[in-house]
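Given below, in the form of structure tokens, are the structures.
The two complexes that follow have chain A in common; it is paired with chain B in the first and with chain C in the second.
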Partner chain A sequence: MLLEVRDLRVEFTTREGVAKAVNGVSYEVAEGETLAVLGESGSGKSVTAQAIMGILDVPPGRITGGEILFQGRDLLRLKEEERRGIRGAEMAMIFQDALSSLNPVLTVGDQLGEMFVVHRGMSKKDARARAVELMDRVRIPAAAQRVRDYPHQFSGGMRQRIMIAMALALRPALIIADEPTTALDVTVQAQVMDLLAELQREYRMGLILITHDLGVVADVADRIAVMYAGRIVETAPVHDLYKAPAHPYTRGLLDSIPRLDHKGRELYAIKGLPPSLTAVPPGCPFHPRCPMAQDVCRTDVPPLYAVEPGGAAGLATGEGRGSACHFWRDCLEGTGSR
Partner chain B sequence: MPEPRPNTDPGELDGGRSDDGAGPEDGAVAGTGFGGSMDLAADEGRTLERDPEHDGAEPAGRPRSLWSDAWRDLRRNPVFVVSALLILFLVLISVWPTLLTSGDPLDCDLAKAQQGSQPGHPFGFNAQGCDVYTRTVYGARTSVTVGVCATLGVALLGSVLGGLAGFFSGIWDALLSRLTDVFFAIPVVLGGLVLLSVVTSNTVWPVIGFMVLLGWPQISRIARGSVITARQHDYVQAARALGASSPRMLLRHIAPNAVAPVIVVATIALGTYIALEATLSFLGVGLRPPTVSWGIDISSASPYIRNAPHMLLWPAGALAITVLAFIMLGDAVRDALDPKLR
Partner chain C sequence: MSDNLTAPEQKHAEATPAAERRTLLEVKGLTMHFPIYGGFPFKRKVGAVQAVDNVDLTVAEGEALGVVGESGCGKSTTGRLITRLMEPTAGTITYRGQDITHASRRQLSPIRSEIQMIFQDPYSSLNPRQTVGTIIKSPMEVNGIEPAGGRTKRVKELLELVGLNPEHYNRFPHEFSGGQRQRIGVARALALNPKLIVADEPVSALDVSIQAQVVNLLKKVQDELGIAFVFIAHDLAIVRHFSQRVAVMYLGKVVEVGDRDDIYNRPRHPYTHALLSAVPEVEIEDAEPRERIRLYGDVPSPVNPPSGCRFRTRCWKAQDKCATEEPPLVQISGNRDGHLTACHFPEEPTTQARGEDVVLDPALQALEAEHAESAESAVSDKD
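So, the complex of A and B:
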């Protein structure tokens, strides 16, 4: 397995108290696999990614438990120096807003070349030649001329391509893309996602796609992990999840996608707001907003149940599905009331 | 040197762009591929025209970097042009005062004390019978030296300490911030009277040292805030996520994006340091004769302001114009570097 996150816990110390941003998250990514991590703002999906990359701000953040196994090594036990060597070379990250993720005072060629200078010790001239190759690879027209342009001289889609080129420069084994298309036009979104998926296939990289856009997920992901209040509430192969969600939160998300055949009807919305991370409700964190909530949900935290078919064995190998709902069977059958 | 500072930064960027070298050749290859001798000529022209006019030759409305934008704004700003020329002039006469006068500022003739303007001595003589014109010219050297050295010292010390505190935060930041508070609490003139009155050296260095000692907290605060702002930018996180080390992040990604406010404040402060030197010299704790300084001359002329005002007015006027020039320059640089004012 390329990456295994086991029972990861991250806390932030804030004025209001300790916020448990990530509360026992486990997931796995195999070589060449795309895992989509889905969730609202504040569900802990980005913090998990930052913990994996090792770019969490400490303080106020703190990793309080769990392990992150990357190619068999526990990243949390490595020295900062060793982790820095891994960042960029073996795992890389693509950020949401490419304009603010590129340094405005350096040319894109300098920034792309920096990858080779930092990790490979190349000369500036060689690094520049590689930068041009990379820009060609992500299909930026006239790369040889544009290599000396500044980030603000590119369009949004082109900038995101440059970010992708930077992330892929050293052919890392794992890419984490944190909402890579959120800041782009819908048409450009598709192009950028296609490019990313194509390069991923070609280089056989593992990809963690962090998003809140269910439309993007359906096209490219192999598996989905849905996060809520710092936990994974459901994990499943992408088509199973779309066909029949096994958690009421996932079902709420799917129901709130605008659909053409529902034109004129009121759009469904999950009532209420995500809980504050400093005061997560006891029991199932979703129960105050859940249409299926029973007494047991208010007291008992649901573990990640193995969902049939596949069961516990399937969940352990990463093939099956899991749901952190006491009533996943009802949810799967669609008998839960709204 | 205070004046070329805002110029060199965009210059460096442009220079970096041009000595990469590949650009013109690429253009020529692409152009000739298109066919025709006209293309070749056009490309020749473009190759020859490359920088600094390169910016102007590009398609209109194509935005450049912060520094080249600022430089373009500055060149069109009359306030900048006037103050920059004035400062250039001051720097010239402080390096080569003999360009303007052949006299010796210490060559005095008591018989001519307090006399007014005469042929060959346009500003008249002071209480000691020294030529006021020569002394005013030579005074520029002291003022510019003190201003430039104090500003460089303050900017270096302040931005290094403030930058490190802002970048690493935590306990060092807290300690440094309290230390700056302590220094802020020392009144400048009172501090000068106490500290400099025990100094016996006759050079400008104790005065410069004193200004650096009391001046660095101002720059340090600005550099700290500016680094904290820059540190939170996504591209710094991105650089970190791609494996950049702390020194690399600080020097390559944060510093160039955090230095603008420091330059602005330092340029304006330069004027105030010149005025402060004059103030301290006036009070008798700054520079001492035989050093030639506008502050000393103002001080020694002040008892005679009613019967020989020329002795006071010329050095005081020179001081006022110098301080004004540096503050105007600082203002112009601030306007050019603040994107919100565009």
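So, the complex of A and C:
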């Protein structure tokens, strides 16, 4: 297994108290696999990624438990220098906003080349040549000329391609893409997503795709983990999840999308708001918004149940499905009230 | 919160055929060019951003017109021109038979209360130093409207209508979440009993689970109060859900306009077709295979748009004629009434999957050709 996150816990100290942003998250990514992490703002999806990359702001954040095994090594036990060697070279990240992630006063060639100078000890001239190659690889027209341009001279889609080139520069084994296409227009979004998926397939990288867009997930991901209030509430192969969600939150999200091929009357809407992370409700964090909630949901935190078929064995190998709902059976069969 | 939303009644708006409804707003040849100044030592006009160019639109009473397009296509500028937040460079805006294109502040004042706007960002569109009550009340004060029972009572009614607790009258915007703030924005827009609301990306700043709540609220408002909407959004699925008619914009032009079902099921303009096929969609079991059209490159700059048809630089059907002759927005053969398309070489009226994908991006084409084999083997491994 390329990456195993085990029972990760991250807290933030805020004025309102301690916010448990990540509360016991476990997931795995195999070589060449795409895991989509889906959640709304505040669900902990980005914080988990930051902990994996080692770019979490400490303080106010702190990792209070769990382990992150990357190619067998526990990243949380490594020294900062060792992590720096891994970051960028063995795992890389693509951010949502390419304009603010790129340095505005350096040419894109300098920024791409820096990867090779710092990590590979190349000369500036060789690094520049590699930068052109990379820009060509992500199909930026006239790469040899444009390598001297500054980030603001590129369009949004082109900037995101440069971000992808930068992430791919050292052929990392794992890429984390945090909302890579959210800031782009639909027609450009499709181009960038396709490019990312193709390159990932070619290099057999593991990809963690963090998004709130269920449509993007359906197109590219193998597996999906749905997060809510710092926990994973459901994990499954994408097609299983879309066909029959086993958690009422997932079902609510799917039902609330106006579909192009559905003529909607009233949209289903999940009632209420996501909880504040400093005051997560006791029991299942989703119960105040859940149409199926019963007394047990208000008191007992549901573990991640193994969903049939596949069962516990399936869940352990990463093939099966899990749902953190006491009534996952009802939800799966669609018998629970909506 | 959504419990407060009752299922909409049979929509009277849809029950009446479009032709029988009276035109509320008519826009003809609307043009907005933002000048660019430059040069040294004396700045002078060196060019213009052609944000909106010769746009014709009509909105009937009680109708929801969706305006879709990518960023920079001029949809927001169009919305601002309609509400007269800006004065257009050319063209006419006729509201209920009255030309308001260049109307003065005084001439506009009786109309201002009838055309309201809902903004995208619920954080910057509410004054953080005013209470919710003050925010919703101020349009009534500005326009000197004294509703029966007093303004405070009206504000409380409005809060209840949009699904907020009327007791929260004295709270400040920061005490509310994004979705609740957007409800406050809706209440403010409703305060003057408008006939037309221009909603500019009203849900795109909200979380997925909250978007549906606000869309339902707007739909309820539209159905029950019979308010006409210009619903501006880039999310095609939400526009389809909300609008009876849809206009597709590209680079300052309306390229296609028509009834919702005509646009979504029988798009004739290649851009509409490409836009629809680019939407990542939630996979549905047994869905028909969807065709993919991948456009090459980005939207050209509106400072120097392509000659002729503005879409031709990204269009797979473009021919010489497209570069020289601008296609008019007309009803082309095979289209139903009110379905207008601006294209010399329109698509077949279908969204059925064609044999092959249209992939216009040479980058992707090369990649796909290179890796078609490995992809196939990977797929067969999985099976």
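Remarks
To be clear about the criterion, the second predicted complex is superposed on the first by the 334 of 338 C-alpha atoms of A that agree within 3 Å, B and C clash if a C-alpha of one lies under 4 Å from a C-alpha of the other, contacts with A are read in each partner's own complex, and residues count from 1 in each chain.
To be clear about the criterion, contacts are C-beta pairs under 8 Å (C-beta built on N, C-alpha and C of every residue); 3 or more make two chains touch, one makes a residue touch a chain.
The structure presented is a predicted model; accordingly, all values stated were derived computationally and were not measured.
Overlay on chain A: chain B and chain C fit together in the combined arrangement. Once the two complexes are laid over each other on the shared chain, residue contacts for A:128 go to chain B alone; chain C is not touched.
With both structures placed on the common chain, the touch criterion links A:167 to chain B but leaves chain C unconnected. In the superposed model, A:274 lies in contact with chain C only, and not with chain B.
By the touch criterion defined above, A:195 reaches chain C but does not reach chain B. Put simply, more of the residues of chain A are touched by C, taking chain B and chain C as the two choices. Across the overlaid complexes, the C-alpha centre of chain A sees chain B and chain C at an angle of 80°, to the nearest 10.
Touch criterion met: A:257 reaches chain C, while chain B stays clear of it.
Shared-chain residue A:1: touches no atom of chain B or chain C. No C-alpha atom of chain B lies closer than 6 Å to any C-alpha atom of chain C in the overlay. In the superposition on chain A, no residue of chain A contacts both chain B and chain C. For chain C in complex with chain A, the touching residues are 1-3, 5, 7-8, 70-71, 177, 179-180, 207-213, 215-216, 219, 234, 236-238, 240-241, 264, 274-276, 278-285, 287, 292, 294-295, 297-299, 361-364, 366-368, 370-371, 374-375, 378. On the side of chain A, the complex with chain C involves touching residues 40-41, 138-139, 155-158, 185-191, 193-195, 198-199, 201-202, 212-216, 218-219, 238-239, 242-243, 252-254, 256-261, 264-274.
Those residues of chain A lying in contact with chain B across their complex are 53, 55, 84-89, 92-93, 95-97, 100-107, 114-115, 118-119, 128, 144-145, 148, 150, 152-153, 163, 166-167. Interface of chain B with chain A (complex): residues 13, 17, 20, 22-23, 26-27, 30, 62-67, 233-235, 237-245, 248, 252-253, 256-257.
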